[in-house]
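The two complexes that follow have subunit A in common; it is paired with subunit B in the first and with subunit C in the second.
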Partner chain A sequence: MEKSQSYTSKYTGKGFVFSLDAFLALIIAFLFIGLIVYNPFEENKNVIARIEGQRQANDLLDLMDRKEILGDLDLDRIEQEMDSALSEQYDWTITITEYTEESTLFSKTGTSSIGNTAEDLSEKDVIKGNRIFLSFDGKEIDKYYVAEYWLWLK
Partner chain B sequence: MKKGFVFSVIVLLAGLTFLGFSSFLKQNSTGQYEGSESFVMANRIDYKYENIGDNILDIMIHGTGLSIDAGTDYIYFTENLPDKESQINFYTSLNKYVLFLEEHTDALDINVNVNDMNKIVIGPYDINFWHSNAPGRGNKLNNTIEYSPGNAEFESYVVDVTLQNQTFEDIVVEDDSCMIPGDPDGFCLNIIVRNSVKIPEQTVQYCDLDPNLSCEIVIETSGAADKDVHIFIEPYARMILVNNNSVQVEATSGIDFGSTEITPYIKYPEGFITIRDNKTRVEKR
Partner chain C sequence: MAKGQAVSLDLFFAIVILFLVFIVFVDQNNLNINYSAEEIIEKDMKRAVSTAANNLVLTQGTPKNWEFSLDSQILLIGLVNTRRVIAENKLDEFMNMNYDISVKRLGIHGYDYYFSIEQKGIIVKEKYNTANPAYLSDSEKIAVTKRMVEYNGEISELYFKIYW
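This part shows the complex of A and B:
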């Protein structure tokens, strides 16, 4: 009986309640701080992934333009190059649109799409970019192309 | 003073400190986000700038027939001189390209200074290479090539001219004011003149050319005296090559840099292409 009384007084004293209150307040404060710090950290991770993806895709399009793979409109080769050089964490699709000019008016004369064209991108956080390239007939521009890519994390 | 009052004051102060700290962190994270958004945009603008530069160089190479050969310590440009049709062609194609660009560039403000289009810069040395209309020298864009380096931190200019349907007579120094023997700042000019089947007719080298003085050298042909090919050396080590004859020559001109660590490359003058994003206010020119 004495033991029970001592137990009760030890955990119901003002000091204990105050310490418990302070401890709980501290936990809540740390959780709050953690959340504030974690949020931008996650955002930064996201930004780094976006920049990395954007750079990879841009460099690849640049390289394929210089190697005239884009200009040849060799879709199989473009697909191979993208799959082999792009990080595995990304999925992608590319649309190449062809334009011709007549009296300074540009009209769309063809479109080709490759990559994962079946994916619904409306819910995805996509990285977008494009590259303009040209084909020539002798000294004059024959056709204008826009290669537009969409990239997202798998 | 009651214990309760002291406790309340301490809690209030702690609360205020905590609020201040939270506000600081929030502000910091917002700043970080804005910074990263600008960084993404800078990356995008940088790529668009390169893309436009590549397209314009493509138009120039195809439109004018200009070919560029760059090695570790030299850069040479080969083209026909004069070639009015090519120059017109180039400007026509360029104007169309700029129209296309305006129609197909999302959300970015892009300005291409078409009027200054014939000027390119040899990097990393910042030497202007252009089809000038230097008064009193060459007066037409289609028959005049000019190099404006600003200094003589290179070894020599090279001019290699292949005559077509013309007979070579001689290379004559009309004005030797810039030829100062032993000039410590001097540079060289190497001239080769070939006949229509590319066999060299004459090769000469002029060295110790003072970068602050002028010279004139004439490649004389069998035609009228005012229809020859002229090479002018002007202050600031400028070199101007003019073909006054309507008969074309194939002109290879360029610069030997001596020992270098960086292969020369082509870039555009500042302000020639300007790209700006109004939201983040990131700009490249």
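This part shows the complex of A and C:
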């Protein structure tokens, strides 16, 4: 009986050392496999989609500014142009902030938002950009505007 | 004798595990090499399509009045005089240019391309390799970019695709 207890205790001790070895070996093996499976190209997939979206939005804001669609603050037309121009994979919102010059300072005198304004952007990987444009009263600058866009993959 | 057996068993397991890891390594490494090659081609195509489209819609080309130059003097095609506003004479010259020469002047050697301008969903200009038109739809590797331009006074969509 005594002999048997002693044998069991000795065996358990050896087993423990073996398990620890095996455990460490397995961790190293998994790390090694993980390293092999990791593909650095995977991360770049969305980068190109982001650049593409930013270029399309910048193109459109430039053209809308040139054609005075922005200056006229024709929000329906802006919304229509954005919807038809941007690829289907993107969702967007634009905020146009109006500034008026008072003596030498600019005061914010209005804000309009269009697009998908209901989306919570805190968790989204958004692409941002802006365009500054002016409206004229005759030959005088009337107001200053900043159109900021947020674009994200649906 | 018992100790010797334990060592042999440990060694046996170690060799089996090492062998399995080695098989996974070789297999996965082959996959990664192929996958990376695919990714590199895809990335190169996206870079090429993006650069060519940028040149088309944002630059006058090189030389600036390339539309009046001999084909051999043209280095780069640009379709605008003002950024994003298509110049009719440059576009006409590009449309009439020999396809193979235009490939070189667009800087997309090795790829075929499809170019179009659409207004409200209708294609108003189109250029591609007419010698092999079916290749575009059959091709597995395509990189596409869309840019917004002003053409004939209207906001239009310029599509530029390259395929391989």
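Just so we're on the same page, the second predicted complex is superposed on the first by the 114 of 154 C-alpha atoms of A that agree within 3 Å, B and C clash if a C-alpha of one lies under 4 Å from a C-alpha of the other, contacts with A are read in each partner's own complex, and residues count from 1 in each chain.
Quick note on the criterion: contacts are C-beta pairs under 8 Å (C-beta built on N, C-alpha and C of every residue); 3 or more make two chains touch, one makes a residue touch a chain.
Nothing here was measured: the structure is a model prediction, and the numbers come from that model.
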A:81 touches, of subunit B and subunit C: first, second, both or neither? second
Touching partner for A:60 - first (subunit B), second (subunit C), both, neither: second
First, second, both or neither for A:101, with subunit B first and subunit C second: first
Partner chain(s) touched by A:140 [first = subunit B, second = subunit C, both, neither]: first
Partner chain in contact with A:52 - subunit B first, subunit C second, else both or neither: second
Touched subunit A residues, subunit B compared with subunit C: B
Subunit B versus subunit C as contact partner of A:129, first or second or both or neither: first
First (subunit B), second (subunit C), both or neither touched by A:31: neither
Subunit A residues contacted in one complex by subunit B, in the other by subunit C: 29, 32-33, 36-37, 39, 44, 51, 55, 62
Subunit A residues within the subunit B interface of the complex: 29, 32-33, 36-37, 39-40, 43-44, 47, 50-51, 54-55, 58, 62, 65, 99, 101, 104, 106, 129, 131-134, 136, 138-141, 144, 146
Residues of subunit A defined as touching subunit C within the complex: 18, 25, 29, 32-33, 36-37, 39, 41, 44, 48, 51-52, 55-56, 59-60, 62-64, 66-67, 81, 85, 87
Of all residues in subunit B, those that touch subunit A in their complex: 18, 21-22, 25-26, 28-29, 32-33, 36-37, 39-40, 43-44, 47, 50-52, 54-55, 58-59, 62-65, 86, 89, 92-93, 96-97, 99-101, 103-104
Contact footprint of subunit A on subunit C as seen in their complex: 10, 14, 17, 21, 24-25, 28-29, 32, 35-36, 39-40, 43, 46, 50, 54, 57, 83-85, 145-150, 155, 157
